[in-house]
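In what follows, chain A forms one complex with chain B and a second complex with chain C.
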Partner chain A sequence: MNIQCASLSCLMKWSKKNWEIPVFTILALAPWFHPALAGGLGGQITSVLIICIAALGLNVMVGFTGLLHLGIASFFGLGGLFLAILTVPMNPLEIGFLPAVFVSVSVTAAIGTLLGSPTLRLRGEYLAIVTLGFGEVVRVLFLNLENVTGGTQGLGPIPPPGSGIFVTGIDLGREFVVDSRWFYYLSLIVLFVVVLLVRVLEKSTLGRAWIAVREEPLAAATIGISATKVRLSAFTIAAGIAGLAGCLSVASIGTTGDPNAFGFNRSVAILCAVIIGGLGSISGTLVGVTILFGFDIVVIPWVDSWMQRIQEQVFDVSFFTLGSWRLALVGIALIVVMRFRPVGLIPSRRFAAELQESQQ
Partner chain B sequence: MDVASFLEQCGIGITSGGFLGLIAVGYTLVYGTVGLIHFAHGDVVMLGGCLSLAILSFLVPLPVDPLTGCLVVVLAATCSGLFCGCLNVCIDQFVYRPLRNAPPLSPLVSTIGVSFVLMNVGLIWIGPTDRAFPEIFLESTRSVGGFSIAMADLLVLVIIVPPVLCLYLLFRQTRFGRSLRSIAAITRATARSGEAGKLVIAAFFISGFLGGVASVAAGVHATTINYQMGHQMGLYALTAAVLGGIGSVPGALVGGLIVGLIRAISVALLGPRWAIASVFLVLIIFLAFRPQGIFGKSKTRGGQR
Partner chain C sequence: MTHGENMKASDGPVLSADIPLLSIDRLTVQSGGIPLIDELELDVSAGTSVAIIDSGRGSKAALLDAICGLRPAFSGSVRLDGRRLKQAFSVKTFWGVLFTGILVGLLCAAAAVDIDRLWLAVVKRGLVVDEPFTPATFGRRLRSYFRAELAVDRLAGNWRIVTADGREVLAVRRDLSEAQELRNQMQAAVTARRTGPGVVPDITDLVGDANEPQRELLLDETTLDRLAAGKRRIRFRGWSAFICGLFLGIGMSLAIWQRGRRSPEVAARAGVARTFRSPRNFPAMTVFENILVAVEQGVYRKSSSWWPHVNKANCIERTEDLIRSVGLIDQSFSFASNLTRYEQRCLEIARGLAMDPRILLVDEPADGMNTQQQHAMADLLKEVCKGALTLVVTSAGSDPFALICDRTVHLSPN
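So, the complex of A and B:
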């Protein structure tokens, strides 16, 4: 324990700017703190982590490049669908997990580019509505092309990653099914890699070009930045990251599930999470998703089951559930956060400075 | 598909396009004055539908003869219009007004929050299942010159045409309407000052009123309402507003008609499950060639929001 404390304080000093290290260390150790975190809650926390990944992709578009995107969940769904098509036993392909992830992420990114190229000359709201429309078209295709996508049932069962690979006599695939911690760690590692990737991108020439195009397209053009190319790259990267998140999601559930989960509502929820966290801020995005989806996926079912137990003990019937007021609770939370922190909970430094400037 | 059934589908398209156009005008007016996509508008309309359902099932033992039916429906439409107008103004004053200074995407999140709250109110009010909208008339069709016309479609026209005429008079003939139109040209910032503040209230009230009227037409047209109808109609109407060029009132009405026609024709040709996809596909293809919509002004600065 002493050693841990010392190393942690050392890490804190070293990582004043690198907040990821302590956060991810705590998350990595979390399953040992409480048995519930490793067991029942494991799957739900994993899905929050996966949505964090998709939200980071969206942040590249909305936060860095300033393009309003209302269809991120469709790319999430597309990534998952391609993974499922490539790996389910029903289809003849059945390639391994890693190559399937690679292929589906590239195809999803390519689709993002294809959607981006004819729509980049649209202004903000028009682009938003086109991405919204694209998301709905994808959802309807998912629902109606039953022999490819499985319709409302979804496509499954998707073999877990590492199935058929034996390490010292243990079947990795079986481990993934039996123990939810495997997926927790897989998602955590992928999230960590994506956080680093987005950070590197933000500091790179491309990242600064994104911000330049967002702030002053005209000035950016005069110093030789092609707004079209820069925006298209943001489109592609956002789609790719969301597709990666989709792959993880369907692999952890084992099926693509109901396509309605990839519709407008999910896209809007992820967008809200990014904005209440703070546009253009990586830590803000993670906080926003954790609050919004953690509340929705983890806290409300937990409180409900707890309240139901108490109500049944006291009154014999359960008459009130938080679940039926879920939408209103989330809605009020969004309104209140925006009212008191319009720039988001953890705004990026640049946005905060801008707001102060405009208020003076 | 023969000519008669094609014409019939066109009729359905025009009636549904009419109320979609009215809802789209709501989106366009709010966008024109405060520069905000009012995502909660569809849910305001849904609550208007709930109120008119309550009024219609409370007032008279339906069905009745045509004249009484029209009067009852006009009464219900007026009530629900006033209700939605006031609701819209309240939402603006309490939720959006404090955010006029905020970064452009923050009020958008507030509209989504309001939309969630209103949808939950609707869920508690009318429950999670479809509710049947009451039959207004004794006879459901009447034949005129060989064509059989559904009374419901006629009723929808009765509800929609007066507000459209009023809108035309308001925007063309009165000083007030002209200033309402011109405010779109001013920046968002002016929406805070006194005179412009009144115009913003007027824009939200008119937008809500038209939505409330349209909700009755939508209920009569679809024969059922549910708590998610606002969401779906909102998407169609927003598409219509964007197709017509957001910020333009005639554009929204024309866009509504086009969306209604596309939807009806695709329902007839491909089946209802492809309706929303075909509407959005047409929108995407159209915007790829004409990025500012039908009546929209061409952009002045590249890529700015």
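So, the complex of A and C:
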């Protein structure tokens, strides 16, 4: 009995430290136990996973480096746009999926660097305004450069990854379109890699410099850390990761879609998810996105279809949908979390320490 | 304001006699027009320690701020080893500025020549007429856009002869070869018009079809002049925007570079470490991480390569040594925010030492400590410096720090 208890607590401790392994194992095995993941539900969960990737990018900037970024969705959109430009059959380039992802992530990161280099000397609130403005500029450019971006219709159709590659006579591209488990696994693998990357970065020299600059910029400067360069690296990495998420997103939808989806609302929603989950905490970010976007993308359509059926059976009309109340519900959730758990659902140990200090 | 200098004990080791390690030359620092430091001259030899004594508070901090670049000097200079603590204009800066300028210029030019229509002319039109997309055809279409040449476009099964940016439709034909022939004829007329009076071609027929109301083709003298002027117009727009952007980019990046020239990180990389009167640590990092981050930056500072190799084990070992030397080894893994003020000061000194500086500036170590702690701190400073490190300490005069220094300097208003 005692040995069992000890081994259980040991397992708990291990899984608390290496939570990725059980979580990603469960997610990887899920399609076997839940066949509905091959259909629409799989696509919905895939889009939550993709937003998790973008939120991790944002977390690098907001959580680790302490810079408010209100335009992450524009980098998300830019990554998707470059992928679309490079792959759609309308355009003559039509390079393969992997090189296109590589190019679009690098170009998005370069745009992040370009935007950051003159503006990162600004203090927090001004930087927030610059990123907000940039997000709007990108959205308006998307709408107006019709020949390049396709305007309101977006660019498409984007060939799925692996189209034209035949494995034992099966076209991989067709498999991607038919079965949404392919995109599910692709997003899961990318998310896993990004989680590991962010984790390694957090514990690296650069990660410590990020936190030093966030905590006390003056002291960081006196030990020779150039705040601008360190912040610029965070901005670049955030832009690159968001661009990667954008690539996956447009590839899974098949078109860049309406540019208004990359506007301010999306940016703020991702930021809210990061804050609810816990600034500076990787697991917290994933939980925050799962709750906020999982609720928005997966739960609400399901509950609504169910409620509509009941209402039509009982009253013959459908008069109430949860979907029309979703923003209010998100707002209430945010208020409740901020009131009772200001450091987020799964706070990082650093932020917990800071809060403890301010309460003392 | 003058300064009195009082040689107390000058038997400290003098390593380089001719050039002092730190030399301050006629330094004036002002705050809101009031001089805090007026024409100060101070030389500190390597390996010696100096106590700067002043009963007021502003001047001492202002002096340390001016040395480490936190506060701009009104006049005068601060030199470390004969070199000013300013970033030099290097080759890297030059290329960075030039690259930024060209990039901003290209962006401006892209906006000025209308990138949307450029894309239409260069990429989309090639697809319409089924031209292979090779670098040669790409270059040809790019050139023809900037020469404002006429082009052939498709709309609803008809071929239109349009201007390069696709704004103006000049003629419509049902057949592609017929349209191309007409386009060549018109292009010849426009090119001839550019160099001389040219001939107004005899192309008058009805254009249009079921989709478009029929209208008469107008290729008269005014249209020809307008088309001929297109080349000059687009080139002028592109070049003027590029040059404006180039200067804007170069100016902006130079301004940014100039502002960052004299900054604490530049001084720190030259080897100036400092501590603050009220200790500034990284509260949400452990004591260990507080030191480790500085040790790593010290390694980066020393290595000249672009991507320096950091030996992790060495860094950790050095960090532990430093923590032990200031006596915080028991608290290595507690957050810096949980330390007492004395321990925070110790931590700050250890962090200053961690980057392996040439000179350590300690701002009022006596502040907020009792006598016992002051003595302990003085012993600690004496211990860590041990003659090898140059030390500048400020104090209010009534604490043991003046005693451990080789000499004292009074910054006193007379």
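The criterion applied here is as follows: the second predicted complex is superposed on the first by the 344 of 360 C-alpha atoms of A that agree within 3 Å, B and C clash if a C-alpha of one lies under 4 Å from a C-alpha of the other, contacts with A are read in each partner's own complex, and residues count from 1 in each chain.
Here is the rule we use: a residue touches a chain if its C-beta (ideal position, glycine included) is under 8 Å from a C-beta of that chain, and two chains touch if they have at least 3 such contacts.
Everything numeric here is computed off the predicted structure, so don't read it as measured data.
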item: Clash or fit (per the criteria above) of chain B with chain C on chain A; value: fit
item: Partner chain in contact with A:A212 - chain B first, chain C second, else both or neither; value: second
item: Chain B versus chain C as contact partner of A:I335, first or second or both or neither; value: first
item: Partner chain in contact with A:N144 - chain B first, chain C second, else both or neither; value: both
item: Partner chain in contact with A:E136 - chain B first, chain C second, else both or neither; value: first
item: First (chain B), second (chain C), both or neither touched by A:R121; value: both
item: First (chain B), second (chain C), both or neither touched by A:L98; value: neither
item: Per-residue touch tally on chain A - higher for chain B or for chain C; value: B
item: Superposition-derived angle with apex at the Cα centre of chain A and sides reaching chain B and chain C, degrees in steps of 10; value: 70
item: Partner chain(s) touched by A:M90 [first = chain B, second = chain C, both, neither]; value: second
item: Which superposed partner A:G224 touches (first chain B, second chain C, both, neither); value: second
item: Gap in Å between nearest CA atoms once chain C and chain B share a frame through chain A; value: 8
item: On chain A, positions contacted by chain B and by chain C; value: 118, 121, 144, 218, 221, 227, 351, 354
item: Sites on chain C touched by chain A in the complex; value: 68, 70, 100, 103, 115-117, 119-120, 123-124, 126-127, 133, 252, 256, 259-260, 263-265, 267-269, 273-274, 276, 280-285, 289, 292-294, 296-298, 300-301, 310, 335, 337-338, 348, 351-352, 354-355
item: Residue ranges of chain A in contact with chain C within the complex; value: 90-93, 114, 117-118, 121, 144-148, 205, 208-209, 211-212, 215-216, 218-228, 350-351, 353-354, 357
item: Chain A residues touching chain B - in the complex, by the definition given at the top; value: 62, 66, 68, 118-119, 121-126, 128-130, 132-134, 136-137, 140-141, 143-144, 213, 217-218, 221, 227, 231, 264, 268, 271-272, 275-276, 279, 324-328, 330-335, 337-339, 342-343, 351, 354-355, 358-359
item: Of all residues in chain B, those that touch chain A in their complex; value: 31, 37, 39, 95, 98-99, 101-103, 105-110, 112-121, 123-124, 231, 235, 238-239, 242, 246, 273-274, 276-277, 279-281, 283-284, 287-288, 291-293, 299, 301-305
